[in-house]
Each structure stands twice: as C-alpha cells, then as structure tokens.
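Below: a set of structures, written as structure tokens.
Each of the two complexes below includes subunit A, the first together with subunit B, the second together with subunit C.
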Partner chain A sequence: MSWDSKSPKISKRRRSSTSKDVPTKAAKSASLKALIIDNGGYTIKAGYNRDEEPQIIPNCIMKAKSERKRLFIGKQIDECRDCSGLFFLLPCEKGYITRWEVQKPVWDQLFGKDVCPINDNPTIITQPLFNFKSIQDCMDEIFFEEYEVPSLFRCNPTDLAYLNYAKENRLSRNEACLIIDSGYSFTHIIPYIKGNKFIQAAKRLNVGGKLLTNHLKDIISYRQYNVMEETYVINQVKEDTCYVCEDVKAELREAAKPFSKNTIVKNYVLPDFNNIRRGYIQQANKTDEKEESCQILRLNNERFVVPEILFHPSDIGMKSMGIAEAAVKSIYSCPKIDRKALARNIIIVGGNCKFPGFKERLYAELRSLLPDLWDVKVFLPSDPITYAWKGGGALLKLHDFKSNLVTRQDYEELGSAIIQERFNNFMIDDSRLDDSSKPPKEQTNFKYLEKLKSRSIFGKQELCPSGSSNDPTNEENGAASNSKNEQGEDGIVDSNKEESNSVSDEASQDSFQAVEVDKGKKSKVTQEKQSEDDVDIDSDVSEEDLTKSLELFPFGTGSYL
Partner chain B sequence: MTISKGTLRGSNRIKENDKRRIIDESQRKRRQRKVMEMLESDNYHDDPHADLVMSKKVPKFEDNLEQRSSRTKRKERSVDYYQFKYRKNFQQLVDEDRAESEAKQRPSYMDIQCGESQLPSRHFCAVCGFLGQYNCLSCGTRYCSIRCMETHMDTRCLKWAG
Partner chain C sequence: MNVDQNTLEQKPVFKTTSWFVSRHNNKKRTWKGLKQIISSEKALPWPDDAVHYSSINAPPSFTPPEKFSDLSGIPAPYTDPQSRLRYANKEEYATLIDLPMDITAGYLALRGATSIVG
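Entry: the complex of A and B
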C-alpha cells in the first residue's frame, strides 16, 4: 500500500530508451540484423530479430522404429510418418550440452540453407546459468571456426526474458524482477536487481518437463498400457491433458467420484499414426468411427498430480522445495529494499507455464507465503516458450550492446577465456560480483564483528554467540537473536523518538525504517570500514522486528528479556 | 492358553509381514535414486537402430557439408572431433565448475540448487494415485487401501530396482 505511492513513476533511466537518443538507436537497431537462438534442452527457438515468431525446432535426433536407416534431425521429424516408439538422442544432460555428436548435426541442420542460415550475421545464443567452461569452449570453437560467425554473444535465456519484460513494461532500471524459467530440464528462479542478475539468490529446481513426462509415462505404464517407449506420444498427452489445480485435496475428492459424475476423468485417443497423427481428448458424447479402432487412454488424477511435482517435488521423494517455496526463498535472499518489487514483478516463462492453472496456482502459493502488505503479481506471457527469444530484440536495442558483442577478431586475439568472462559477466554487476565472494569473506567479517561486539561498541547488550544470526538462510533465527541486541541498544539510546514513531502511520514507519537502516549501515561502515551485504540484511531484519516489538514493549525490552 | 492367545490376537497381515524381507534405509535410498535416474533418462528402450551396421565413414549429412564447403575453405571438422575433444561427462563438468567457482569466489552450479523443503511431504498411493496413508512394510511404498496394497505386493514390491 505505502510503497505504491512511493515507487517512482517517472524514472530517470529507462532500459528501453529515453527520448533523447531514440532516433540514433532506432537507426542502429534497424541496421543490426542478428540471428537469435534460444538453445533449449528440448527445442531450439531460432530466427532473426526482425522475424515475428521464431522457428521452434526439436533439439534432438530421433530414430523411428518404422524407418530404419534414417535419422530425423531436428525439424525433420515432421517427415516421419510413424512416431511410435521414437528413440531420442538429446544433446543436453540436465540442460547442459554434453553430447556434441548430437548437438552438432542439429545445429548443422538448423543453420543449413533452407532452415535458418547464419549468412555472416551476428549471432546471439542462449546458455544456461553457470554454463560449464568446457561447453563454452566448444561453442566458441564451433561458432567462430566452423560457422564463422562475424560476432557472437551468449547470455542466459532469463536475461532475454527480463529485457523483454523491462522493455514491454517500460520498467525502470531500479525495479527488480523475478524471472522463473521452468523448462524441459530444470526450473531456474533468478532475481534481477537494478538490471543485473543477483546470482547469490538464484535457485535451481531440478524439475522440468522431461521429469514430468517420464513420471506420467511411468504411472500410465503401471496403471494402464505399457507406454514406456512412447516418450514422444506421452509428452503430447501431458501437453494436452495435464493441468495445475488450485487445491489438490479437493481435486482428488472430485477425481474419486464415479466416472459418470466426475468432471476430471477424460478419455484420450492415442494416435495410431495412420488416421490420427496426434492424439486428442475424446468428446464426451460423440463417438467417432475413427476412434473405435483406436486405443483410448483414461486419465483421471494423473492429469493434475503430475504437474504437482513442480510445486511439491517431495511427492516423488525428491528432497527439494517446490517452485513457490524456492521463489520465496530467493526473494528473501535479496536485499530488503528490492523484495517488494520482486514480489510484484514475477515473470514466468518456459514450457511448463503452459499448463492451465499454473499461473493461478503459483500466485495463490506465493500470496500465502509472502507478507500480506506486499503486492504479488505473476505475469504469464502469451507464449511463455518464445518469450525469451523475443527478448533478443530488446537485447539488440541496448545502447551498449554492440560493445558487448564479441567479434571473430576478439576471439582470435583474446582467446576463449577472456570472451567467456565477458559473456558470463553480462548483466552481473561487478560490485555485486565482489559481494558474491561471500563465503570466505563473510566468515572473516563475522569474526571481526564478533570482536567489535565483545568490545562493547554496540552498546550494553550482551553478545549473542549463535552463528545463525549471520546466516541469510536462517533468517528467522537471525532476526530473533539479532533483535535482542538491537532492541537492547536502541531501547536505551533513542526510546523517545521511537515512542513517538510507534503512533505514526505505516508510511512514516517505513521511512523511519529506511533512515534507521541507513544509520545502521553508516555506523557499521565506519566501524568496520567494510560494507557487507549480509550484515546489512540482518540489520534490516532486526530493525523491522524492533519496530514491531516496540508497540509491545514501548519502554525497551531489556526487562522482558 | 498362552499359545491360543498368540494365535488369536494380532492381525494376519502383520504376521505375514514378519516373514517378509524388509528393505533397510540405505537400500530404500538406492531404490529412490534409481527411480530418479529413470525419471531423468532420455529413453527407456534401446536404440532401435542398434543392430543396424552403419559405416562410420559414410557422411550422414552430406547436403550440409557440401553447402558449407563451397562457402569457405576452412577445414571441415567431423562430429567426432568435437565429441573427442570435449568429451566430458556431467559429473566431471560439475566438479570443474566447483573448482573454478572456488577460485573465482562465485556461486557454483551446485550452490544454487534448491534445498530441502520446509513443508511436510504429501503421500500419494503408488497404485491408484489418490492420497495414500499407509506404508508398505517391505519397501516403504505408499498405498491407500488393502486392494492397492495387494496390487502393489503382486506387482512392484521388491520386484524391480532391488
């Protein structure tokens, strides 16, 4: 509520463009034609930045039982008559390219004359977060030496999604966003703060579309037909029938009803690759002649239990948190100032977002997990699969983009290592990168802090020896133990000021908090001569606690504790 | 008297279960890992073309090769070249990444993986998919009713991934 009015509507720096340099930029971007490739684990989205829509090409080589002596590379699968029992050769393992013997032919086919030739244009290709060095080496070699691209750029698909969102919504650079990319191999949750990735708070959930398809295949094979070999068909079944429900228990009750009264149970006509090329859900009261000879799959609770894994991986025994929980955790590992903005700019991309009800469910879960006063908004693009690809256009329009492009000359002169630095550090703030050297630094700092505390610079309060107060993952603990300190201190020093404040309204409390935060920061900085993220976060938390508890303990908490 | 008491009291199911092999925790974990591997696998079946004898020398993607070689004089590299030069399995890559991230003091691939959930896990019957509140004594699989339990015993329990 209060932040709505506070958030600056007029931003000084817009990512997209300011009025001044529109003409020059427009001219530039018009002259720049680039090939954009979103190299996903299951499909490649490729096309030129001027194209409306990318081509979506399977990123795999397939072998069919019916057609021996032939491989179907990428798009060629359209030529395959009988897609039963397709055997997949996938280039990616857990989202990272490890089988070059598969990836190379797929690219060869993709960049061939009749699909999407490179023709000496700059190329932008996506790579997953923390793409391994050896994979990047190979990509460099393939693109510069084999395909001879004049210039290359690599970034994460979430970068592109962020840029696209920022452009579409004319977002100010200060507005933080949370991108959730739920794809075939995994689900990434990455916060963007001030236009940069905040990788310390990034999360990966090892659940993707592949796992869901395999799980569905497994349970159908156990309950009805053996479809273990029909990954391709079952993937279509998943796409056609599965959805995310609002409340599992209620949905299960509905599914438990007899089939006549049950709205969930559906008959799915499996393709026979003779008359029916792609399966479909059978209409309730119409019986087609065609269908009589076909196999029919009855889907009931499978329809919503399978996508549930995204929200509760523990359903299949995975020791991992679900997508909503991870998103909340990610938000809470970000600096406090940005958290509200993150909650109101959640963008979901990737194929799993196409499950009906996915957005609503995610919203409901986030809403219940995040504080009441925060606005939560989940944005689902019209096509979550190509959304990142479309961000390529926004990337080209960045004013400093041309300087980021790595030319073949750069590659030859500087070598892979340096240009990879450039790719990997794209949209990562350098100062934040320094912060990311947290683990060792944190410890030393903490020891330092401990020493300071023991010299009672912080006031009269007693030391809290628990190490948890500095652990961002264990925030509640930290807040609790820390608040003790801060309360003791502030209760003594400025109790008057705070008393008056506790009467005033929310907004002023907020600003007061901000002042306090600044004060805390400054004092600590001067004391330590070293600003450090974690301490700041902790102090934020503790001060929030402090203001809350002040209403309860207006005269300080020393006596109560 | 005592003998008859022993025979009368207690459920038959539990008595039967006493005879059954019970899988211990480590073995259950191993089974779980196998299930997860299965869920990550690309294919269940074997390569349908495995029995075909294809000569490796035969260029499989001729059209592309021709097209590019006309454009450039640079050496054409075969697929095997990349496969050989950059052949690393996933674990090696992760290990390398960890070493690199430590040197550069940045988060690594493993660091951003989600931790364990704070929420209690829900239990679904492995047979019918509805909520299942009972555990199979032997293998720990969930089931919801006697009927599902019997199906489970007859089909999956200790039958696979032992």
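Entry: the complex of A and C
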C-alpha cells in the first residue's frame, strides 16, 4: 500500500536528477508542472503553471454576524448570504505572516482536494522582500513536513512580475526595469538591473490597499454613517468609486461646488444583503423604487482624496515619500548607466493600480521629476493583480531554475538555513554588489589630508595605529610596516617620511575595512606600494613646513592660527 | 529486500489521503508578533552596508504636506489654535468651535496629527 504511493515519486526524482546532468531544455519545460502560489496579504492567487488564470482566494478567515457559529475560510465567503458586519481574521501583519493559526486553515482549504491540490508537484510560493527568518522557518516546516511537497521554491512577487515582463517584451538581460508593486499591505519599489534585484535601491512605502480602506472607513464614519464595522462593504465602495485625480487642487475646487453643478459627487447605494447583494453607484436622475428603502452614501472628495495617500502619505501624517517621489529616489540610487533604462521600463502591479487614473498620475509625476531627455514609460498590465502570478510560467522556463528548486531531500539534509539562503539570494548578484561598493571608496584619496594629519597643524598629533599589528588580515604583509611603525613611534623626530607613511597606512586600512577582507588583501599590498611611492615623490614637500605651502593655503594660514 | 528497507527508512511513510486536515493540538501555540520579529531582526549584528527590512523604508518626503480642512477636506489656510483643527472659511470655524473634545480629537486622529508637538 505504502509502496504504491511512493513508487511514482521515486521515478520522478530519478528523472529530475538525470535531466540535471544532461540539460535538455525542451524536455524540461515540457515536463515541468508546478503549483504557483502568489501569497498576497489580501488574496492568494493560486494555480498550475498551465492554467490560463489563477484562482483568487481571500487570504483570511471571516466571521459573519448573521451566522455566528460558522467561520468562513477563504473561498467559503461566497456561501455567506449576509456580509454585513463581516469580521476579518488576517494572517498577515503588515504583509508578513504572523498568525499561523489563521494562515494554516486557509492553506489547508486551498490545498484540499477540490480547490488546488499539490499532488506531488513542485510548489512555488511568493514571499515579501526581506521575509524574516522565523517566518521562513515556519513556512519550510509547514510545506515540507506538513504538506510534504516534493520540492519548494520561494521568491518575491516582484521577481515573477519582472520575469513576466521580460518574457513578454523579450527584454535583453541588460535592460533594467523598475517594478512598483502596490499591494494590500505595502508598496515595494524594486529596480532590476541585469536580471537581478538591486536591493540597495529598493524602497518600501507602508501604504497599501488596507490602509486606504481603513482611511475611507474612518472618513465616512466621521462625516456620515458609522461604518467602522463594515470593512468588507467599504472595501467594495473603495473599489467601485475611488479614483486617482490628475490635479488635487483643481479637483477639490470642483468638489466644493454645489451638488447640482458638481461632477464628482456620486451617490452609492449600500447593499442591504436582501435585495442588493453588492452596492453600486446610483445613476443620476433615476430613482429605483428598490433604492428607496436603501441607505445611500454620498461620496464627494473622498473619492480621490483617499487614493491620494499613495502619492502623499503626509496627508495623514505619515512621514514618508509618495510613490512617485520614492520611485525617483530609487532610480537615482542605481548606477548611472542604468537610470535611463529604468525610467523607460516602469511596471506597476498590485491591486492599487486598478484605481482609474493611477497610471496617468504616476506618469505625470515621474515625468515632472525626471530629466527631460529621458523617456518615461509606465506599463500597466491588463490585470495587475494576477500579473505576478503569471510570471510563474516564465520562472519555470529559466535555465537554472531546477538547480534553485529545493527538494525535500535537500531540506532534510541541509536544514532550512542553507535553503533559505538559496531562496533569498535568488536574483541577487553578489559580484555586482562588491563592484558597485568598491570604486567610490578607493577613489576618495585626499593626499593632503594625510599630510595635514601627520603634521598636526590642527592640534593633536595622531599616533600611528596600534590596530595594524592586531589585525589578523595584516599578518602576511604587516611585518614590514610594523617595523616601520615601531621606528616611527620610537623616534618621532627621526623622519617625517616614516610617519606620513604610517598614517597613509592607516588611511588605506580605513578605506578597506568596509570592503571584503579576502579581496582587500591583495590590492592592499599594491596600494601600500603606491602610497609609499607617493610619499617618495612628495617627500620634498612634506619636509617643508606645510603651513607655508601655497598649494594648501593659497591665502596663508593667518586666519586659522 | 535490503534495498527496499533502505528506501523505506529514507522516507518515513505517514502521509494519508486526509493529510490536509490540520493536526489537533490542544495547547494553543502563540506566535511572535511582527514588532517582536522586527526588533529581534534589528538586534542582529548587521554589517554597515547591509540592506534589510528597516533600511528600505521610504524616507520622509522633500515636499511639505498640503493642508486640508478637517471638516470638509478642501484646502485650508487656517488653523484653530485651540483645537488644532484646520478650516477653510468662517462657516466651518463656526461649526468647529462648538465641537466637543472627543470629536476634535477624532478629527485629529484621522489626519494622524495626534502628537503633541505637531
């Protein structure tokens, strides 16, 4: 019995191992079938890579007032007749899963027989950028030990969106992209350069759909009805009526007009869950008798003020940049060569992009903030919510995807620490990070500052560093410089040359402390040589009184001394 | 036969068809909240140039925040020094001077201006 259930798996494993040895691309992509789960804060998008569209399932457990005894898990909410006063239990806190007692039943239901069974297929699940270790541990445990998936892969939803965009537009690897993912819990702005995330320039705004819904709820509760309990309904109100305006000031002036002349004000018919299941915008000049008995919500400037928070979080007292400003900041934190390409390839995904006018507004703001010569293009997919999920197919087609996949054997042998490193380093290029951080540090070579230090014009004399002998990395080449240092300490009068030498040693050490040690070793030797050479050349100058040097003090030192 | 046993040992078989039914533990497990997780993450010895959760937070904006009336939402040039509410015209002022304390506090909370300094 048990043997039967096991045998297909073993044959599969064997096949995968052979295909790893002999890379045959076509056969691999044809044979791979994987479950892709975009585990969002509000909805889970799940389905197999061959499916056309994913299933969208609410990622929460709900309690209804009408049926007090029952919990509605995920999709079961469709069975609920009266959605007034719906109470949400959300698994995520600011987008990170912290309430596993909520997340687990939702997943249980999702992977159950009738929704989306795993059936021994590889599983790809998304996680937010910089997911915490304890959360990843828990996820590993649940997937490998509880669901017993044969292999697992975790990546960021933005990775998938990038891959999807790159595939659709046949981008070359050198073309940089900026992905803006504005979801339920937060908004991430992540540049992709040469196919990898450039995380130094990544930005996160803690503004998402949840915050907008809650704010709308607050406003309405203060201005009209108390709807603090009606998150579900107000979320629908937000989806149906809110939009992003081009110019807030002008729009506000329009909204301040009296009702008859006002084009913004809309009456929203609230659902009563008897005749009307879902609210809608009331048509002007038409009154249904059905609506007579219903409550009507009048929305005026709330319609555009609420989404405005995405662009100006300072409106509600958040000390944070808006999306456009943060995107520009992110672009400018990237290497110079790639900035132009980033402005050209801006992809917006996530539920907030569905606000009408969002793309136009973002474009207008970016256009005014970026240089005139650059092309600015904002790409809004036809369905921004499932766009990332659709990138799962592109992920499977990556040539090195199989090697990134973690099998259960790997998990049992290596433990979660190692496999998490594999997940977290996906699409992050380490060599690039070193390259980008190195050159600016080496270039800051202020020769005269070293001299000034050694000559102690500005007060205290700095002794040569004692750290150089303690430093373990210095052992090989340190012998020579150490002896020099001792000389310098013993006979301060001896020669300026020695001193300035030791100081420049110190400077070179400083510049290398931040850089990786083993790489620093080699180039350090060369730099020391260089600095020695420098001193030799400049030694004539250093022997003179520096305070009289015209080069340093063209106007004399009288004002300093 | 020997081989079979080896493979059996490699993979313990306890998977049943009803695997998706959650295990029933009577004791309730409590999980760390996000704040705890973040603070423990911050306490880790990070190198200076490392990028992590807290460091990618978008910095404060360079543009000053716009001022809108708390009552109506239209641009407000005035602030009531007593309640700190913003208002656009004298009609609004007439309403807001009569507002009870809890309502004004609510309006301020709505704008996120509850701090004493702001």
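Assume the second predicted complex is superposed on the first by the 404 of 561 C-alpha atoms of A that agree within 3 Å, B and C clash if a C-alpha of one lies under 4 Å from a C-alpha of the other, contacts with A are read in each partner's own complex, and residues count from 1 in each chain.
Keep this in mind: contacts are C-beta pairs under 8 Å (C-beta built on N, C-alpha and C of every residue); 3 or more make two chains touch, one makes a residue touch a chain.
Just so it is clear, the structure is predicted and the values come from calculations on it, not from any experiment.
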Worksheet item: With both structures placed on chain A, which of the two partners, subunit B or subunit C, ends up touching more residues of subunit A?
Response: B
Worksheet item: What is the contact status of A:Leu366 with respect to subunit B (first) and subunit C (second): first, second, both, or neither?
Response: neither
Discussion item. Contacts for A:Leu252 in the overlay, against subunit B (first) and subunit C (second): which applies, first, second, both or neither?
Written reply: both
Discussion item. Going by the contact rule set out at the top, does A:Leu178 touch subunit B (first), subunit C (second), both, or neither?
Written reply: neither
Discussion item. Applying the document's definition of touch, where does A:Val378 land relative to subunit B and subunit C: first, second, both, or neither?
Written reply: neither
Practice prompt. Would you sort A:Asp315 into first (subunit B), second (subunit C), both or neither based on which partner it touches?
Written response: both
Worksheet item: Can A:Ala202 be said to touch subunit B (first), subunit C (second), both, or neither?
Response: both
Practice prompt. State whether A:Glu302 touches subunit B only (first), subunit C only (second), both chains, or neither.
Written response: both
Worksheet entry | Touching partner for A:Phe132 - first (subunit B), second (subunit C), both, neither | both
Worksheet item: For A:Asn214, is the partner it touches subunit B (first), subunit C (second), both, or none of the two (neither)?
Response: first
Worksheet item: What residues on subunit A does subunit C touch that subunit B touches too?
Response: 93-94, 96, 98-101, 104-105, 108-109, 112-113, 129-130, 132-135, 146, 148, 199-200, 202-206, 215, 218-219, 222, 248-249, 252, 255-256, 300-302, 305, 312-322, 325-326, 329, 437
Fill in: Of subunit A, residues touching subunit B in the complex
63-65, 68-69, 71, 73, 85, 87-90, 93-94, 96, 98-101, 104-105, 108-109, 112-113, 129-130, 132-135, 137-138, 141-142, 145-146, 148, 199-200, 202-206, 210-211, 214-215, 217-219, 222-223, 228-229, 231, 248-249, 252, 255-256, 300-302, 305, 312-322, 325-326, 329, 433, 436-440, 473
Worksheet item: Contact residues on subunit A for subunit C in the complex?
Response: 2-3, 5-6, 10, 93-94, 96, 98-101, 104-105, 108-109, 111-113, 129-130, 132-135, 146-148, 189, 199-200, 202-206, 215, 218-219, 222, 248-249, 252-253, 255-256, 300-302, 305, 312-322, 325-326, 329, 437, 514
Discussion item. Per the contact definition, I'd like the list of subunit B residues that touch subunit A in the complex.
Written reply: 32, 35-36, 38-45, 47-49, 52, 54, 60-61, 63-64, 67, 72, 74, 76-77, 79-80, 82-83, 85-86, 88-90, 93-94, 96-97, 100-101, 105-109, 112-119, 121-122, 124, 126-131, 155-156
Worksheet item: How about subunit C: which of its residues touch subunit A in the complex?
Response: 4, 7, 11, 13, 15, 19-23, 28-29, 31-34, 37-38, 40-41, 48-49, 51-53, 56-66, 68, 72-75, 106-107, 110-114, 118
